[in-house]
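These notes concern the structure reproduced below.
All chains are identified by letter, namely A, B, C, D, E and F, in their written order; residue positions are counted from 1 within each chain.
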Amino acid sequence: MRIAVFPGSFDPVTKGHEDLIYRASKMFDKVIVGVLVNSNKNSFLKAEDKKRILELALEDLPEVEVKVFDGLLVDFLRENNSKIIIRGLRSMLDLEYEMPLDYGNKVLDPQIETVYLLTKPEYSHISSSAVKELMKYNADISSYVSEKVLNALNELK
Amino acid sequence: MRIAVFPGSFDPVTKGHEDLIYRASKMFDKVIVGVLVNSNKNSFLKAEDKKRILELALEDLPEVEVKVFDGLLVDFLRENNSKIIIRGLRSMLDLEYEMPLDYGNKVLDPQIETVYLLTKPEYSHISSSAVKELMKYNADISSYVSEKVLNALNELK
Amino acid sequence: MRIAVFPGSFDPVTKGHEDLIYRASKMFDKVIVGVLVNSNKNSFLKAEDKKRILELALEDLPEVEVKVFDGLLVDFLRENNSKIIIRGLRSMLDLEYEMPLDYGNKVLDPQIETVYLLTKPEYSHISSSAVKELMKYNADISSYVSEKVLNALNELK
Amino acid sequence: MRIAVFPGSFDPVTKGHEDLIYRASKMFDKVIVGVLVNSNKNSFLKAEDKKRILELALEDLPEVEVKVFDGLLVDFLRENNSKIIIRGLRSMLDLEYEMPLDYGNKVLDPQIETVYLLTKPEYSHISSSAVKELMKYNADISSYVSEKVLNALNELK
Amino acid sequence: MRIAVFPGSFDPVTKGHEDLIYRASKMFDKVIVGVLVNSNKNSFLKAEDKKRILELALEDLPEVEVKVFDGLLVDFLRENNSKIIIRGLRSMLDLEYEMPLDYGNKVLDPQIETVYLLTKPEYSHISSSAVKELMKYNADISSYVSEKVLNALNELK
Amino acid sequence: MRIAVFPGSFDPVTKGHEDLIYRASKMFDKVIVGVLVNSNKNSFLKAEDKKRILELALEDLPEVEVKVFDGLLVDFLRENNSKIIIRGLRSMLDLEYEMPLDYGNKVLDPQIETVYLLTKPEYSHISSSAVKELMKYNADISSYVSEKVLNALNELK
């Protein structure tokens, strides 16, 4: 069984994330969505809320599981018997950001492979930080997050 | 069974290609290496020589098969019951080249996914055209192609 | 009256071009589409066919005129009393290509301004060379060119 | 009448900004310089000082008006009957930064167009943050800001 | 005598830095490693520790000297009778970051030249911030820093 | 004595080349300008004309010598007792082009260093191919090449 990990902050999960996870779930036997608890960055949502909203958004994908993790990604993969990381690329800048992480992970565990999927063009402008910026001004975010996520975010207010 | 296609010109196959095909073969049940016969570009090797050299280079990987194809990549995937294209990325420029092809393939068949792997840093300077340039001056290409490929190329002289 | 020039090869005109010309026509009083006759590059369509197909594609935009030109773009602008060039950007690579042309035009005539519009994401994979490649294999190009252009191209066969 | 908006932080306005605003003012009937009050970022100058310095720097351009705004750019455009945003590009990185904003604005209001002008090469190294860094060390900033701005900044000390 | 300056934060010095300094020391008569005391950024190591660790790491290179400096780089060069800055490039993004600094330094002193060396591929994923991130999780950093630096960092704990 | 090689096609030598060679000549004891005879590419000027025009353009720089070479750059360096290649960078794209060449040269001879200088902003739009394109239309090229080169090119007509 091939298990892949899709790591991220998901602050909050966007339509872009959902599409990538859906596509990854067709390619591997199981996809574990790993919510990174990053103590360095200020987070808009709490880890448990991120997990709950992700589970809601992905409830129709039985091969997808959501977990929260702290620490190094390679350790999270080992704990989950996975050798495959999945990441989305929206642009050349994303690739520049990913390259040292990819090589760095390979140094820590040479068997780990990071697999990249291109974000669909219609989602390429979407980012969690854009969602947060728009929410600050009560702007419409329905083209950035799915309906389930929109409702869950509204309930948190 | 998940079948992935690794398309290319392989004029000739390099250490970079071999490493990517090896890594892909660990991730999918079968990898079909598709040698594109491109009538637009002048080729150094004939298609049958490319296929023979690839088979030699990849003979230890039972889950890998080499085929020659002409025409659209999406048609080649359909004929081989594959929905997955594998491509290597050496640099941001490679990504720029891949993006319109990826979206273009998705327009022709929305179920097709292109999966990218980063070329390892030690192979990032390698390209088939560099090999050909070096061969022109009888320079040492042993860091660009594997020993089996080197021998096969020397026999073709 | 502000007259802008949208130059290009239009070999053939794509949905991406049409969208950019439409958007430009809302911003300036007149847009002249300049079909460059480039003796360096092999062209798929003849200049008169390009002009005819462009006129067909843009027939609903009264503020747009199509002209064929040879020589330097700055001379074409001068002949048409225009100081504004409009160009589309699909990617960072397009920008790299445009930068020296932009500065070069400013050296020849400092009053000339080049104005860039981003290609819409859904058209970012479209290029005239992709259309030609797809036509070679009789593939469906209806997502690349508009219906009028598709019909005109079919009649030329 | 075509009204364009040139938004920014202007902390402080540089020679690069002034040149772009001048060039934009030749292309549209009116240019509104929009000083964004961004509560997220620490600002060196107060909004009223930014506005006053901009008005001083641009006093010879009668078709340019300076306004302070808070909130979404699309709302600021609507209030000012404008459909056109003008932005400068110094580099490929600037373009990567602009792309999601451009598409994001088009989602909020599809009629809005963002128009890009390339920063002149001689101003391509200039940024407001470089000015602030140089001021910290009492270095000469006369090649970064115009004389009027230099004097106004000195008076604020 | 040609004196070159290699400036940086060195928080901490990595194998990538060491390799670049070694290569620079073969090209110029003397290389001064300039440890920038940047009051804006939170530093992991104190300036005196950075200097001590650098001296330890570079003790076999007699033509290299380590100094701490505050203020503008051009002033540090002047004090050390140097006209040459040496910088490493790992990627296109590094170049984008360097370009305005390079032109900015040339404005302050037109005789100053910045000379770039490409980071070797095997070090391209290495950055001081990656080292710090890995140290936070007690991960193995022996592929990021040399043995001498590793020992010195361990003693500081 | 430190000898550096500045290789290129110089078809023809531009103001950008001249500035880079001048700057390099201040940094090393001797600079050898290597005119590559590339049998792959169609050349506008003959190798002997390139050499003669370069010598004319650089006649005031006694530490600069012009030589024609065919074959691998590393062999040309060996013959000239040089370990240093100098290259100019106008843009991120130039860097992408240079990276595999740099690593490739290091594979052939690990002691060779390639040193990059940024083209000055005012020359960043200049390329030999732009000069040739402009000459085709009898356009003014006096901002692209120095007066001596302009005269020499006119005499060749």
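In the analysis below, contacts are C-beta pairs under 8 Å (C-beta built on N, C-alpha and C of every residue); 3 or more make two chains touch, one makes a residue touch a chain.
Because the structure is predicted, anything quoted here is derived from the model rather than measured.
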{"item": "Mutual neighbours - chains that touch chain A and chain E alike", "value": "B, D"}
{"item": "Counterpart interface for A-E, drawn from A-D, B-E or C-D and sharing over half of its contact pairs", "value": "A-D"}
{"item": "Chain B-chain C separation of Cα centroids, rounded to whole Å", "value": "34"}
{"item": "Chain A and chain C, separation of their C-alpha mean positions in angstrom", "value": "39"}
{"item": "Chain centre separation in whole Å, for chain D relative to chain B (CA means)", "value": "48"}
{"item": "Shared interface positions of chain E, touching two or more other chains", "value": "91-93, 96, 99, 102-103, 121, 124-125"}
{"item": "Topology of the chain contact graph, where touching chains are joined (line, ring, star, complete, other)", "value": "other"}
{"item": "Chain pairs that touch, as defined at the top of this document", "value": "A-B, A-C, A-D, A-E, B-C, B-E, B-F, C-D, C-F, D-E, D-F, E-F"}
{"item": "Parts of chain E lying in touch with chain F, wherever the complex brings them together", "value": "2, 23, 26-27, 83-84, 89, 92, 95-96, 98-99, 102-103, 106, 113-118, 120-121"}
{"item": "Residue ranges of chain E touching chain D (in the complex, touch as defined)", "value": "71-72, 75, 92-93, 96, 99-104, 107-108"}
{"item": "Parts of chain A lying in touch with chain C, wherever the complex brings them together", "value": "91-92, 121-122, 124-125"}
{"item": "Residue ranges of chain A in contact with chain D within the complex", "value": "90-93, 124-127, 130, 134, 137, 139-140, 143"}
